[in-house]
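What follows is a set of structures for review.
Below are two complexes that have chain A in common, paired first with chain B and then with chain C.
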Partner chain A sequence: MLKLPEGMERVWIMRAKGMREVDIAEALGISRQAVNKALKDARVKLFEAFFAIAETFSWDVVRVNAEKGFAVFSGKVLGKRVRVYAFYLPGKGIKAFFGEDVPDYILQHALEVGIIKKPEKEGLIKALES
Partner chain B sequence: MKVDGATPTNFSGLPLILVGLSFALIIGLPRLASDWWYLSIVGWLFLAASWGTSVEVKGETLRLNYAFGKLTINVPLSEIEDVKVVSRLERAVLIREFPGLYVLIAGAVLFAFLDLLLLPSGLLEGYYFGDMGLIFFGLLYLVVMSLPFSRMHLAGMFGVFTIIFVTLLMRIKTGIFDPLPVLFFAIFFPLFVAEYYSKEYVVITAQRRRYCIMAEKPEPVLKTIMGGVSGEA
Partner chain C sequence: MRLKLSAFPVRGAPLFFLAVSLIGGALGVLIQAAKGENFAWVFPYLLVFSAPLGAELNGKELVLLHGFGLIRERIPLDSIEEVSILSRLEHGTVARHFRAYAALWVLLVAFAVVYLLLPGEKNPIGAYFAPLVISMYTVLFLILMLPRKRRIVYLSAFIALAFLVLYPLVFIGPETLLPGVVFGFFILWAVRTFQSEELILLVADGKSYLLAYRDGNEFLNLLRRVANAQAP
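Entry: the complex of A and B
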C-alpha cells in the first residue's frame, strides 16, 4: 500500500488544499524549489499507485487526478460493470469504494482538499465524473 | 516512444490560434476584401497545420506534434496533474474543458448567420451553401461537444432539428424547397456524429493548461504516459 513520505505528504496536502507553492515554502521554512520537487515526486508516486491498482484489478482507468489525489475506474466485479472511486488519504494510503457507497470520512476529506464545496455524495460523484 | 493510433487535437493553445487564423482567412477575409481571395489558400494551410500528427513520450516529456511534425508542444510528465478519458466520464463534456474552442466555433456560426442575412434573397442556391454548411456543422459540433458522451441520442435529435432549421433558412432565402441540400446534410450528419463518437478523448491538465489527445482506444495513451512517468519509456 502506497504512502507518501511524511515530508512529501505534508507539502502535497497543503497544495491540495489550495496553498500556493511560495506560501508552503514559507510555512515549512524550506525553499520553493524543494516544494516544487516534492510536489512533482508526489504526483509521480500517486500516478504510479493509481495505475498499479487499475492494472492489478484489470480495471479501466477513467480519470486520475494527482493534484487532489483521486481516481475513477471502471471495472467488472462479479460479472457486473461498476464504477470504482479511489482516494489518497494522508497517513492512510489509498482507499477505494464501489459505486456511490462513499463513507462520510471521504466526504470530509473531499471537502478539505477542495474537490467539493458541500459534504454531499451527489456533489462528490458529480465532481469526480466531470 | 510513439503512441500508435493517437493524435493531438487542435482544441487549445497555438493549434487553436492557427484554427482561428484559418477561419479568419477562409471565411472572413474573402467577404471583406474579395480581391484577396488567394489568402484563403494560406488559411487552408493554417488549418491543415493545426491538425495533430503524432503523440510520443521522449525521456520525461510528452510530445504533441503538429504542423506536419514541424511544431511540437512539450508537456513535462512530472507536471501532469490530471488525466481524464472524457468519453468515459459520465458528466464530462469537451466544451467545459476547452471554452476557447466554443467561442471560436460560436463566433464562426454567428458570422455565417449574419453573412446569410445580409445576402440578398432569390440568388442561386450555391451562394448560400457555404454559410448553410458552416451553420449546420458548427451547430452540430457545438451540440456534440456540449453533451456528455452517454447522451448520443440527444445529439441525434438535435442533428435532426438542425437539418430542419437550415432547410427552413434555405427556403426563406431561395423561395423554393430543394431536397438536394437536405439530402446532403442528412447523409453527412450521421457520418459526422459516428466519426465523433467512435473516438476516445483523453484530456491532460498540466501547469494549468489543457491538452486533448484523440485515440481509437485510450489504453495505449495512458500506458505510454504511465511508462514515461515511471521512467520506463
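Entry: the complex of A and C
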C-alpha cells in the first residue's frame, strides 16, 4: 500500500487543506521550489497508486483528484455494478469504500481537506460525483 | 505521439476567438441589416482559430492544438491535479467547471430568441436563422452540459429538429424545407458523435480543460504510461 514519504506528505496535506505554496514554504522553512517539487512528485505518486488500484480490481476510473487525494471508480462485484470511493489518508495510505458505505472518519477527513463543507454523507457523494 | 482528441475552446485564446466569432456574427447580422454595410461574413471565419486540431503527447507534456496548430495549450503532465471522465460521473456537468463557456452558449440562445421576436413580416433573421441557431445551440448546449442525461438530450434533439424544420416552413414557405433537413442531419450527427465519445475534464495548475476522446480508459492509460516514464 502506497504511503507518501513523510516530508512530501506534510507538504501535500498542507496544500490539500488550502494553504498556498508560499505559505507552506514559510511554515516549513524550505524554499518555494522545494514545495512545488514535492507537490508535483506527490501528485504523480497518488495518480499511479489510484490507477494501480483500478487495474488490480479491473475497475473503470471515473475520477482521480490528486490535489485532494481521492478517486471514484466503477466496477462489478458479484455481477452488480458498484461505485467505489477511495481516499488517501495521511499516515495510513489509501482506503476504499463501496457505494455510500463511508465511515465518519472519512467524512472528517473530507471536511479537513475541503472536499465538503458539512459532514454529511449525501453531500460527500455528490461532491465526489460532480 | 499525436492523439485524435478534441479540445474544446473553453479558455484562453480559443475561447476568445469563439466568443468574438459567435457574438460578432450574431450582432453583426443585426447591425448589417440596419446600416447596410456588408461585414458580418468576417466573423464565422474566426471560428477556425477556436477549432480543435487534436493533441500531442510527449514525455513531459500534453499539447492541445487549435486553429491549424497555431494556438497551442501546453499542459505539463506533472502539473495535472485531476482527471475526470465527466460522462461517467453521476452529477457531471460542464457548466460547473467552465462558467464562461457555458455563459457564451446561453447568451447565443438568448440572442436567437431576441431575433425570433423581432418585428416585421417575412423577417428572415427571425423566421429562419433564429430557429436554426436556437435548435443547434440548444442541442449542443445540452449535450455538453448534461453528458449523462441521454433521454433529455435525445428528447431535446427531437423537439429541436421539429422546430427547425416546421417554424420556417410555416412562416416563410416550402423553400426552407431542404436546408432545414440538412441542418437537421447535422443535429443528429452531433448527438450521435458526442454520445459515442467521452468527455474528459483535466485540471492542471488550477486551470480546467475539456477534452473529447473515443475511449476514456485508453486516454487514461496513455497519460499513465507517459507519466510513469518520468515518475520520481
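Definition applied: the second predicted complex is superposed on the first by the 130 of 130 C-alpha atoms of A that agree within 3 Å, B and C clash if a C-alpha of one lies under 4 Å from a C-alpha of the other, contacts with A are read in each partner's own complex, and residues count from 1 in each chain.
Definition applied: contacts are C-beta pairs under 8 Å (C-beta built on N, C-alpha and C of every residue); 3 or more make two chains touch, one makes a residue touch a chain.
This is a predicted model, so every value here is computed, not measured.
Once the complexes are laid over each other on chain A, chain B and chain C cannot both fit and instead clash.
Of the two partner chains placed by superposition, chain B and chain C are both touched by A:S130. Within the superposed three-chain model, A:E100 lies out of touch with both chain B and chain C [touch as defined at top].
Look at A:S74: by the touch rule set out above, it reaches both chain B and chain C.
Once the two complexes are overlaid on the shared chain, A:D60 sits against chain B and chain C alike. Contacts of A:F47 after superposition: both chain B and chain C are touched. Overlap of the chain B and chain C contact sets on chain A: residues 40-41, 43-44, 47-48, 51, 60-67, 72, 74, 126, 129-130.
By the touch rule above, chain C contacts chain A in their complex via residues 78-85, 88-93, 96, 203, 216-217, 220, 224, 227-228, 230-232. Taken in their complex, chain B has these residues touching chain A: 77-85, 88-92, 96, 205, 218-219, 222, 226, 229-230. On the side of chain A, the complex with chain C involves touching residues 40-41, 43-45, 47-48, 51, 60-67, 72, 74, 126, 129-130. Residues 40-41, 43-44, 47-48, 51, 60-67, 72, 74, 126, 129-130 of chain A are the ones that touch chain B when the two sit in their complex.
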